């Protein structure tokens, strides 16, 4: 599980909660109807913008995105360099057995295409299309959270307007102004907190995660095509290491030495 | 009919209505003149930005967009793989009869071009131009709703300014301040609600719908050209499945088996 | 004349005016100095951003843009298909006489280049450059109105700040607060109304108009080059119809039949 | 000197000043400390964002940008057509003497490269790189003014917050509220005025200027390469006129006739 | 160390501090709990958006970015022209010794690839991939500061809402309104100041720094490939000088003359 996200949300809520408790008047922050307006309105607006089926599917994508990915680029490069060496020594067909043991569906498919003797142009075309649409699906997931992040404060403000209009109509008792306005402001508070602590940062995290996954897949395509072209394993390694930050490059070497069982 | 959009709008309005009823002072939220300012102003501004003819046409596009599309990409792929097999066995001319039975105008046109022996370059060029302008027309429809979504809160605020200026001029009676400000705020409330519950989410939905339709059309172009090139039906299938989410890929198989009557 | 724009502006102003009259206190909305601050400030800011010569030229562009264009894409396609047939029967030189009768300067120039036997690459290059810079000039016109649309509310707010600072300094008489604040708010009202009813929608209209004109010109380039390449008139027609919405395609046929005098 | 910018700033300030004087309470708008907060804060923030050396250099770029450019595209085209004719009659080497008399460094360099017999690919590559980085440097200058335009209102608001916090702490004397709030609002007024009358429009002007200069340079590259390719001077003229607005095209002819001394 | 950034932050804080001290009521600006809400909330939100490991790594990138870079483009060009001359006289292999002495890892790698006789296409491909991902990593660092710059004011406003709700609930004592609101506003003040004086300008500086580093690397790629292609050292110099502002070009000459020990 991705610990940081949960730690961030919990610590943020705890912090805000402590600040409220210290202020003394915790009751004033509880407004059940206000919670309904903000959450209900945000959800209704999201339902207008995407079919329920898609919302559920995006939520699943998100869940997957928050799992820790096992295949870091460093590992993938180690595997691919191993494949390159094997292919050099024993031919492309020898990769069939290796491909079976690979976890990643994308890499497995790519190697399978190479083993099947598919034309290199077609291999790149198939894998590129797959990558483009993976990116597209990821963007839709981010778009959902960006929409939530824009709608929560909007419905927070709508809730505050409802509260203010209610309060202002019965302005005969001046003592009621303060508490009435306090209640009205709670929905803006809820909406802002949800957007800035949960929705907007999750949208940002999905974007980073998506970039990382796409980087890994681009490394795979480059590697698979180099192997198919019969390039020298050292060149394959050099080319693929260019995708990494300088400090990650040495890890490839150590993974390869330690991880003989993965790549060959 | 696309149920989610209507369900979202109705549930959102119901939720807000309940919140108002519970506040007790329903009358304060009814401001007929305010409704006129927000809706009238938003419409007038839209009329300045696009000729009436275009507004009506975009509204029709929207209606079409909310119908449930029959041709999902999975189905289209099943049909195209069927075509690829038939073309392999009986030649491209055999597709003429098949094309007659296809609902989708775009696919029918593409297959017809292939049957007519049009040059592949020209087939791609004609279908690409058609797709580009379909996208353009969809963007104009989205643009209309984005404009509505920006103008509704703006005219809501203009209505509130009118209400405030009216109220502030006759500030001799302090008892009138509250209700006067309440009335002034209703237009901001109307504008925000329309924008965030209706216009902005519909613009977003049109965008998603448009992407999906364009994906389907891209699948068609790729498939039509593969068939014209005489590619192996298995490769055609593989190539086109790359456009789908992994979980949708198995559906192609089941559609093909169940739907012999569609593709041949 | 483009009726919708004027109808939109007039109906929007009438609507707001009625709302003010019904509020009773029309005098409070008249603030001559405020009008000067908003219009003068917006104009001064625009003068800083573009030389007066350019502002005047853009205003002329706008005037042209609001005239109803005579050459719809459907008509242009009918003309070009007529040209394609003539060129097939009588050779490219036969188009010289036809080109003379064409209103549109861009089309006339393109056909003239073809008649002169210019290299196809060069024809495309010259027409593409011309189109790129037409788009550039259109964008500058839009940019002017977008700037006006951003500056009007900004100077509206500056006017309100001036009014508030003036009023707050002499807060000894509580009866003056209300009217003083009312006057201060009028400039925000003016700025918002100008931006949202006039400047922003006109910027949007210019964008739509520009897209439409560029589409027509792209149709022309495609058609001219197809004619020069000696393509079959039926193919030329098919290719160019791909630029149109499905419902506009049948109009080409009827124009061609009715309009023999245009294209032949 | 570029008169419009200075006229715009002076007329804008005069207008605002008149509005303040008419309000009677000029003193309330003078807040020396507030000016320091807005200008000092904006400058400090800019210093964080760019090294002082760059800020000074960008300011110089701006000064240059506000000078009236001598080489309008029309003139450059006239010069280049003259070069094309000379090169046709007397060969490319004859351009060496002409190039000496050209003011523009970019054009001089391009012609020099051609005279030196540099490979056309390399000529285009060198001039394109130069143009790209010219654009880059211009964008940095715009970026500086956009940053100033965003920071001035931000520090205006920070100044207002400081004023409000100061005032609200000592709320025992109700008579002090008004003037205190008036003083607090002045910084927002300063920040808005600086941003909307000076920084934002200057950023916009730099953008327009940069586009115009880049257009002129693109005309030069196109012309230089056409001359090197030995194209017909009439074609060179036609090609380059495509970069101009229709109404500017006739000027090329009159410049060429009047300006024999420039181009040959 | 990059002096300007620190000078900007310190002078900005000093300026604001002086303004507060002059206002007299320094105590009112100290709100420890408010500082916790703004900094804690901003940090919690950032933790949700990126794993802690990445945040730490980006902070390191930032530290590196603020060090003064030693390799200015002018120097790099001088070194590369020296290499070009050496390669012309003594062959590409002679560059091996030179490459050893180069500080910059990217340049060293590029030259090493050339010395190894790698195919030019592959050299460009490896260096381009490396550059793309360098840019990507830089963008993530900027993205972190942009997120901080957006979240600080958001949590400032959330803190103000908490303060207002607290205060409004106990509105029985009118004397408490002012100080309560003052305390509530401090968090908005903190958030705005952090965003506009620190986070937003640092994000901007990182962007400028990144562009400069990428420019230097592009110069290197162009130079390395020109050397590999055996181009004339004078052409290499001309080509690479096109990357510089005109006034920086003369420096190359003086560096080359003074810096014989660097390039050869």
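Read from first to last, the chains carry the letters A, B, C, D and E; within each, the first residue is number 1.
Here is the rule we use: contacts are C-beta pairs under 8 Å (C-beta built on N, C-alpha and C of every residue); 3 or more make two chains touch, one makes a residue touch a chain.
Owing to the predicted nature of the structure, the values given are computational and were not obtained by experimental measurement.
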Labels of chains that are neighbours to chain B and to chain E: A
Graph distance between chain B and chain D, where chains that touch are linked: 2
Rotation in the CA alignment of chain B with chain C, degrees, nearest 5: 70
Centre distance in Å when chain C and chain E are each reduced to the mean of their C-alpha atoms: 41
Approximate Å spacing (C-alpha centroids) for the pair chain D, chain E: 25
Numbers and ranges of chain B residues touching at least 2 other chains: none
Chain-level touch network, classified as line, ring, star, complete or other: ring
Direction chain E, origin chain D - full chain order round the ring: D, E, A, B, C
For the chain C and chain B complex, residues of the former touching the latter: 2, 4-5, 7-9, 11-12, 15-16, 19-20, 22-25, 27-29, 175, 177-179, 181-182, 185-186, 188-189, 192-193, 195-198, 200-202, 204-205, 208, 211, 215, 222, 235, 238-239, 242-246
Chain B to chain C touching residues, read off their complex: 33, 36-37, 40-41, 44-52, 54, 105, 113, 118, 122, 125-127, 129-130, 133, 136-137, 140, 143, 147, 150-151, 154-155, 157-159, 161-172
